[in-house]
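One chain, subunit A, links the two complexes that follow: it is found with subunit B in the first and with subunit C in the second.
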Partner chain A sequence: MRSIKSIATNMVGEALNRLIFQVILIFGVVFMVAGFFFTYLDPGEEGKMLKDLGLTTLTIFGMLMAIFMAVSTITPEVERRTIYCLIAKPVKRHYFFLGKFLGSVVILGIACLVMGLVLVLALYVKEQVWSLELLSAVGLTFVSLSIMSALVMTLSTVASPMLAVVGGFVFWALGYAQGFMHQLAAHADNPTSRGILESLGSLAPNLQVFDIRAAMVDQVYIPPSYYSWLGIYAVMYLVVVLVIGIIAFNQKQL
Partner chain B sequence: MAVVEMQDLTKVYRPFLGGLGVLAVNQLTLDIEQGETFGLVGPNGSGKTTTIKLLLGLLYPNKGRCRLFGKKVFAMSVKERIGYMPEAPYFYDHLTGEQLLHYYASFFAMSKSRRRERVEALLSMVGMQERRKMLLRHYSRGMLQRIGLAQAMINDPELLILDEPTSGLDPIGSYQIRNLIVELKHLNKTIILCSHLLGEVETLCDRVGMLHRGNLLACGTLEELLPEAKEARVSMQVPPEAETELSAMGLSPECEEGLVSVLAPVGQLDPVLDVVRKCGGTLFEVRRSRQTLEQFFVQKVREREVVTP
Partner chain C sequence: MIEPKTKKALLAIVLVLWLATMPALQAIYHNPGYHGELAQWNPNVREGGTLAIMAMLGGFRNVAANMLWLQSDKYWHQGGRGWWKMLPLLRTITQLDPHFVAAWDTLSWHCAWNLHSDASEADKPKWIQAGVDVLREGIKNNPDKYDLYSSLAWLYHERVKDYNRAVPIWQKVLTFKDAPVTQGHMLAHAYENTWQIDKAMEVWRWCVRRKSDDMVARRALKWLTAHKDDRAYLITLWERDNKVRKSRGLPAMPRPDQVKDKP
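This part shows the complex of A and B:
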């Protein structure tokens, strides 16, 4: 556990110093605040617009951050040979992998928290109401970003960084097109096509279920059980992906 | 007891999509004893770094086995006892030298006070106390090399693996690192020094293993590998009649700028010195030369290439 904590802490420090993290975060905040200046809509609609734009911005910029961060966890350590000194110390390979994942999760958490608070603050300025319920949407986005981070990290242990980035975007698209994939599969005449579509749909994480933007904008009540089921789904998916990633990383020739 | 044991160690790099692989290390069998300074030498691509990676558990062998302190190289108890300095080290450049050492120390079971003491001692040992607060991105190559050596020593290891520790350093930097290695040698550390600078290895190592295309060409102490020559060169200032006398002894004196030198068998040294004394000459030097490691290595490589073109 000591090793995991040290690796995660170092990764957070490194990421916070990295320009790409700062740029994505700044652009995310700028896009969020930009919604504040839409004043041509009806007064009630402005708040909805701001919520929708804010949560969409969080999802898109967060996902960019998750994918690029995950790709830059393992490969650069191998290319710069910094991993050699680490693995020569009493650090098990899976500690390294989990430390890097934990570091990514903390960074994504910081980014979500910053962007979420900016959104809540912008809404308060606009409507004089603290829309703290939005933080649940921010939380679910954070969970979906963590899943994507684990997935891309696992991909990057077996593929080149470029391939891992492409794979990350493909899984992201598939994750939001689960319903569409299953519909396509149901209408496919060819059993092979059906099989492929269903497999792809099942392999990719169901990111749609974490997307509660519409419910937030329309102020629809979400029962706590929904969050519980999502939590269980996220943990199970994460465990499977991380175990695959650890097995692949343990086999990797450094 | 052997600290390092390698038996039939073989590593082939295979391309991802199949095809012919590259044989990086071929059936390497080697033991390194406690307290030894062992030089692993060879040109670039000879398999030195691959051998080190196999010892550190960064690579998995295709065949054979390697053990450190009698245990598998992946054992955490083994890693507690080793230190590794990579070639041309690159570290996390958002950290300062001091932070880097604390970071690496955090992987060992050390109390905070012990860690602080250790970091202080190492910064002082490698002469980096004044630059301790400087970010690593501002370090020169020599400073990185020094901090690299310090991080390898953070756990006071029994076995130190140093990969090209002086490569890219200026003469003063190389000299300082060499002195540090000598100090470690005196502390009875087992050291594996991997280098293509044969002169450095000759100066520092007790035993040398020569790798070429993954094969161990030769292994032994410098005395075993480079036996002293059976002849010695005598340099002197003598009158011309002494040269005639030396020629009469079957030697071939050479005269250059008033200095006569002659290559004489060791058994004939006394008669040569008698000639110098008898004719009232001055003796400047008697040097019994031996082949350098570099000459030996080149000779071995040539022999090998003749056998296996």
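This part shows the complex of A and C:
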């Protein structure tokens, strides 16, 4: 456990100093604040527009961060050969993998918290109301980003960084197109194509269920049981992806 | 390296957990917190063009709905043919974001007032009905907000001039805790227009109880107390209302002296 913690702490320190993290975070915050100046375009619905733009900015920039951060966790260590120093010590490979994952989750958490607080603050300046309910949408976005991070890390153990990035974007699109996939499958006449569509649908994480942005912006009530089920689903999916990642990383010839 | 035995066990765990995600997803789909309409692909979204389709697949439907909202505002200012172009856009917005109450409200108002006035005589009733249908659909998607009930009651009251249908909807509006006291004014007016003066006064009193500085309610109470038995004056009002109804091709309301307060 101590080695996982050390690897995660080291990863967070490194990532915070990395240019890509800083650039994505700064752009995210700038976009969020910029949304503040565009609300005049939407007369009567300024608050809604600001919330929609803010939460979407957080999702897009968070997703970019999750994908690029996950790709740059393992491959650079192998390329720079720094991984050999670690593996030569009594640090098991799965500790290394889990440590890197935990590190990226902490970074994503920091990014979500910063962008979420900037959004809440911008809304307070605009409407003089603390829209803290938006933080639950931010929280679920963070969970979906963690899933994506685990997925891309796993991909990067078996594929080149470029392929892992492309795979990440494909899973992102598939994750949000689950409803569409199920509908397509239901209408498919051919059982083979139905099977392919269903399997594709269930292989990708269902990111749509974590997307409560619209409900939060429109102040629709979400019962606590919904969050519990999402938690169960997220944990199960994360364990599946991480175990596959650990197995693949253990098999990798270094 | 992982031992083959451990690897097999891990893969078995992965398989079991992956299979278990499916019932978990089913539980999510059946939870009241899940907004199924947002996860479904709606063919009507095609009317919104590439932007709407991309947004639906990329998870950015709300931003797309806002962009289309801006576009519809542009068409509104164009008038004429622009009004007709607004229709599919507003429809797409409500499909992309079914909780966007202002979009449902605007779409209904656009159908029942603007497009109705621009339509041919034969098509006019269709557009009022379209306005009603839009609000009913909007209410189905937002049953816990009073706004669309209020708009529906207003539509029946002001556009259809069917005060009897407006009354129960205003009553429903007043069951919402966040409904402002002005909604009570509307119910009182609906009672007045159906000549249920005692009930109207009861509602005005309720408004005063809820907001003691409600001068509109106080004035209305004073006025009704003075005129409620002045049938000649009420008949003058009735004739004025019927003139408007006649110009819109609506059936006449019964004379006030033929109506008694319903129990």
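Keep this in mind: the second predicted complex is superposed on the first by the 249 of 254 C-alpha atoms of A that agree within 3 Å, B and C clash if a C-alpha of one lies under 4 Å from a C-alpha of the other, contacts with A are read in each partner's own complex, and residues count from 1 in each chain.
As a working rule, contacts are C-beta pairs under 8 Å (C-beta built on N, C-alpha and C of every residue); 3 or more make two chains touch, one makes a residue touch a chain.
Only a predicted model underlies this, so the values are computations on that prediction, with no experimental measurement involved.
Peer 1: Subunit A superposed: clash or fit between subunit B and subunit C?
Peer 2: On the superposed model, which is not a single observed complex, subunit B and subunit C fit side by side.
Peer 1: For A:Leu207, select first, second, both or neither according to whether it touches subunit B, subunit C, the two together, or no partner.
Peer 2: second
Peer 1: If you stack the two complexes on chain A, which partner ends up touching A:Gly179: first (subunit B), second (subunit C), both, or neither?
Peer 2: second
Peer 1: Touching A:Met236, do we find subunit B (first), subunit C (second), both, or neither?
Peer 2: Only subunit C; A:Met236 stays clear of subunit B.
Peer 1: Subunit A residues in contact: does subunit B have more, or subunit C?
Peer 2: C
Peer 1: Looking at the overlay, does A:Gln253 come into contact with subunit B only (first), subunit C only (second), both, or neither?
Peer 2: After superposition on chain A, A:Gln253 lies in contact with subunit B alone.
Peer 1: Please give the least Cα distance, whole angstrom, that subunit B and subunit C reach in the superposed model.
Peer 2: 7
Peer 1: What is the shared patch of subunit A, the residues that subunit B and subunit C both contact?
Peer 2: 251
Peer 1: Please give the residue numbers of subunit A that touch subunit C in the complex, ascending.
Peer 2: Interface residues on subunit A, with respect to subunit C: 41-45, 48-49, 52-53, 55-56, 59-60, 173, 175-180, 183-184, 202, 206-209, 211-215, 217-218, 220-223, 225-227, 229-230, 232-233, 236-237, 239-240, 243-244, 246-247, 250-251.
Peer 1: In their complex, what parts of subunit C are in touch with subunit A?
Peer 2: 1-2, 7, 10-11, 13-14, 17-18, 20-22, 24-25, 27-29, 31-36, 38-41, 56-63, 65-66, 69-70, 73, 97, 99-102, 142, 144
Peer 1: Could you please specify the touching residues of subunit B with respect to subunit A in the complex?
Peer 2: These residues of subunit B touch subunit A: 53, 56-60, 76, 79-80, 82-84, 86, 89-92, 94-95, 103-104, 106-108, 148, 151-152, 155, 161.
Peer 1: For the complex, give me every residue of subunit A touching subunit B.
Peer 2: My answer: residues 2-3, 6, 10, 13-14, 17, 80-92, 251, 253-254.
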